[in-house]
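Notes for the one structure printed next.
When the chains are written out, they are named A, B and C in that same order, and each has its own residue count from 1.
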Amino acid sequence: MIGQIGRRLMATIPVMGVVAIAVFALLRITPGDPAVIIAGDYATSDDIARIRAKLGLNEPFVTQVGIWLGRIVRGDLGTSIFSGLPVSTLIRQRTEATIGLTLFAMLISVGVGVPLGVLAAWKKASLVDRLVMLFAVSGFSMPVFWLGFLLVYVFAISMHWLPVQGYRPLADGVWPFLRHLILPAVTLSVVYMALIARMTRASMLGVLSEDFIRTAFAKGLAPRRVLIHHALKNASLPVVTIIGIGFALLIGGAVVTESVFALPGLGRLTVDAIIRRDYPVIQGVILVVSGVYVLINLVVDVLYVVLDPRIRY
Amino acid sequence: MADLSRRHFIAGAAAVAATASVGLPAVHAQKRGGTMRFVPHADLKVLDPIWTTAYITRNHCYLIYDTLFGTDQNLQIKPQMVDKWSSANKGMKWSFTLRDGLKWHDGQPVVAEDAVESIKRWSKRDPLGKLLAAHTARIAAQDKKTFTLELAQPFGLVLEALGKPSSNVPFVMPARIAATPDSEQIKETIGSGPFRFVKDEWQPGNQVVYVRNPDYVPRNDAPSGSTGGKKVNLDRVVWKYIPDPATAAAALEAGEVDWYEQPSIDIAVRLEGNKDIMVAIQDPRGTQGWIRPNHLQPPFNNKKARQALLYMVDQEKYLQAALGQPKYYRTCPAVFTCGGPFETGAGAVKQDVNKAKQLLKDSGYDGKPVVVLDPTDIPLTHGAALVSRELMTQVGFNVDLQAMDWSTVVARRAKKDPPAQGGWNVLFTWWIASDVINPAVHAGISGAGSSAWFGWPENGRIEELKIQWARATDKAAQKQIAEEIQKVALDEVMYVPFGQWVSPTAFRKSMQGFLQFPAPVFWSVSIA
Amino acid sequence: MALSPPVAADFALPAPAARAGALDTARRALLRHPTLIAGALTLVVILVAGVLAPLWWTGDPLEMKPAVRLRPPSAERWFGSDNFGRDIYTRTLYGSRISLTVGAAVSTLSLVLGTTLGLVVGFYRRLDMIAMRVMDGLMAIPAILLALALMALMKASVQNVIIALLIPEIPRVVRLTRASVLSLREHLMVEGARALGARTPRILARYVLPGLVAPLIVQGTYIAASAILFEAYLSFLGAGTPPHIPSWGNIMAEGRAYVQLAFWIILFPGIFLAATVLAINLVGDGLRDLLNVR
């Protein structure tokens, strides 16, 4: 099994390589020029040319890629063109907010989505089932920011229960940290929750139709025990997979959510960087985020193996 | 107190006198201490004061740097870091002595050499600074506290230059930092201002943090504009960048922030009704909107085509679309702003769409697409762009409206290439009154061609007139030359003004000591 | 929450359909999927509203009337007006054209391109290795960031939005197709056909494609739904369709500053957007059940 994990790990390297080069290439083709923005309002063409040279933008593409990859391997993600701060510092400043938001959202999604899915599977084809599924589908049909504005309007502006915007780092205390993340996390979780509910229901339906379940009932076991101990455990595998796939969805939603709630997260950092063509930041963040995504999928794959001894690669 | 009636716009001294009392509540004993949470109008990106004319950088610098002279509410130049000064020889030789007690944030004392180097660096980039440098024979420090300036030719704007209130401001920094070539940005942020910049807590795109400078020694006079005693009543200032305007307004209402620099006008009107919030005018002199054609590329390299633009504009229509609330704007044909000392109607035209159509035909316009840059993230310029598209199409232009954000406009406007290769034909912008109030500071009427501000108009006559103006010694002569300059500027269509307005600012009533000035001022204010 | 034990009916097989005419079978199948019908009907309504927009008492979507800016919904302006005085009802209806076009185009193009690539890759082993690494790489980048980055490269236009949205979708379609090809490749039928001298394209067309049609259609509906949502996100972040072209995302992006002042600017396009995406998702689900796709 260790061998399998090791092999999977090795397989991620070329993937990350592709990501790295794709991101790099993407940005270098761009017509927008950071040198012009940096050069300021009074720059002449000479100034701009000099800045381009200093940023190494005139080197042949392959050389630029080489230099960049070399630095990455040493852990140096470069320096932001605009603020002059190291990319790793910028990422570090913003990671806590995004991780907090994402984990909180995932917690809510799983905590609400799984029970909903189980309920729907249990009451298959009944009104309850239809309603739950309708709710789930509506969840990921709504634009995230629309829902966000709605929630802010109701809970923050009208009822003053929660803050309108902003972020408190964990260092300021657990409750302030959570309080500022409740609305954004709920907004973000709705999409994810829907997916999890659907997946859980589908998976549960598959399991519930199996013979061993009928046997368990025949043995006289309490329904709740059957449902949770036998059915759910076996149905959990695809749900675990969805957590991995869903991560990419969450990041996408986080980008928009951070914008609505003014959270200092990686999503906003990337959007700002993309608009300004701050190459090092864009490259660094996409690389890091993709890396985390690949890692999560790896963990999911491993969990898969661990949870289901029937599967072997 | 949140009453902003039309009277605030009537041109002339009345406006200035009236608005001087708005937003200045009786100063009862102000409490000291606390953290001010401020929402700036943009994200701070550049820290070097001469690197960009962006107002956000200027605002940042006002916190951490000090200036030799300042401009007060009545546009009078008064000394700030300078204690005594004198001019001899009919204004050809000037001598300045610095105040006592001025120290850099690293503890070193401020010396005359620092002032000299700072002026030199500033004058390499700023238009007024360049003008000063062109007339200067020598500037040097005499001893630790005194420096002298000797002119080569008469120049009537020495103090105006040193006390220039807005972009670019001649902030003073340590000589070793000012020695950084103007082709590079400064790397350190040491100043002698009333606040210090906490670089470790700077999160670009999110927040900027300043703390009170305990070593700062304010002057004894009352604060006014960028002059007077800069007494600090706050411990910390935190700039929280909230890009979403509705969120920022809601945050202000909920008490999560104390001061929202530039709410949109619609939001400001709504905030006026909130009993906990005061809406005031940041700078009663106002802001001027520009439609700027690109003089280097067809069709606007042809004067008749440019004049078509001039004749198509109905300022009322632009202002309605760009701003929406009539009580905040007014039409104004004056290049040097209405309410300013050089206001004039010379050379101004009324809208005449038929004439515009004729002019366009006469210019031989070939129907090729005209690229109009539309920064959609700024409602002001977005509104102007949409109206322009409508009017230009009416007149007969083939309009290619290109949407982008402001940062992209900033990048793109520097390109002199043909529009099809990344250039542009028409862009929109705005300048605060202080930046366009006289021929010396006005970047838009430079006829220096490719080294002028983006748009690059070329006109020798106007350059001559500007020098004449700078050398004129009496007000009457200045006014007359300014009128002449406006006539040339409008005839040449260096830009088309699309109106004048004032921007509201909003803060919680717990904040006292608000001062009117083009930049938000953090001395004098306190959080109860 | 009391849990009732399962009843035999839950595990029963569906009753075999009577062998009445095809129409009857279809009707009965559809009646078992009310959500599919509801979704399809909603889509038709929105499609008609958009395509025939000028007929539904609309005005000019671009016309600015600053004199009546920020008016709430009323008899003259059913959905109110925005900060330039433009009629939200008209813009919303015209907006459906853009959103539906984007959805349909992204969906169709990604299916066509993805299937072609997937078929090729599935059949030619050597291409497989490289191509799949590239696909994995692309899938590792969160779709919205990729789309944003692509939009940053290009001028804002509906075309470019379509391109930016379809590129992140292609890898998934490729995977789907490839999986199908891989499993069918070893199938006896194919081997037999090859033995008989049939050429690859023929094999692909006759044996592989038919099995793919159903899952691809279902996937296509999900892609369309996702594309419509993403167009709104891109516009919201300022990198979507050009502002003077009304799309739901655009209208909401411009209305962002007016959430408290004129919430109708965001409300109505949002409802239309949610309804459309919901409808498409329901159709997708329904089709999946109907066509028995796993």
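By definition in this document, a contact is a pair of C-beta atoms (placed from the backbone, for glycine too) under 8 Å apart; a residue touches a chain by one contact, two chains touch by 3 or more.
Keep in mind the model is a prediction, meaning the values are calculated, not measured.
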Pair joined by the larger number of C-beta contacts - A-B, A-C: A-C
Per-chain CA centroid nearest to the all-protein CA mean: A
Far-end chain from chain A, centres as C-alpha averages: B
Chain centre separation in whole Å, for chain C relative to chain B (CA means): 48
Chain centre separation in whole Å, for chain B relative to chain A (CA means): 42
Between chain A and chain C, centroid-to-centroid distance (C-alpha), Å: 22
Overlap residues in chain B, where contacts from two or more other chains coincide: 244, 246, 250, 405
Two or more partner chains touched - positions in chain A: 31-32, 149, 152, 157, 259, 275, 277
Sequence positions of chain C contacting 2 or more other chains: 238, 256, 259-260
Residue numbers on chain B that touch chain A, as the complex places them: 43, 45-46, 48, 51-54, 125, 183, 185, 187, 202-207, 240-244, 246-248, 250-251, 253-254, 256, 405, 407-408, 410-412, 414-415, 422, 451, 453
Residue numbers on chain A that touch chain B, as the complex places them: 31-34, 36-37, 39-44, 47-48, 50, 80, 82-85, 90, 93-94, 149, 152, 156-157, 160, 163-166, 259-262, 264, 268-269, 272, 275-277
Touch list for chain C against partner chain A, complex: 1, 3-6, 10-11, 35, 133-134, 136-145, 148-150, 152-153, 225, 229, 232-233, 236-239, 249, 252, 256, 259-260, 263, 266, 270, 273-274, 277-278, 281-282, 285
Residue ranges of chain B touching chain C (in the complex, touch as defined): 244-246, 249-250, 264, 266-267, 270, 317, 320-321, 324, 374, 376-377, 379, 382-383, 386-387, 389-390, 401-405
List of chain A residues in touch with chain C within their complex: 14-19, 22-23, 26-27, 29-32, 119, 122, 124, 130, 134, 137-138, 140-146, 149, 152-153, 157, 208-209, 214, 217, 223-224, 227, 248, 251-252, 255-256, 259, 270-271, 274-275, 277, 282, 286, 289-290, 293-294
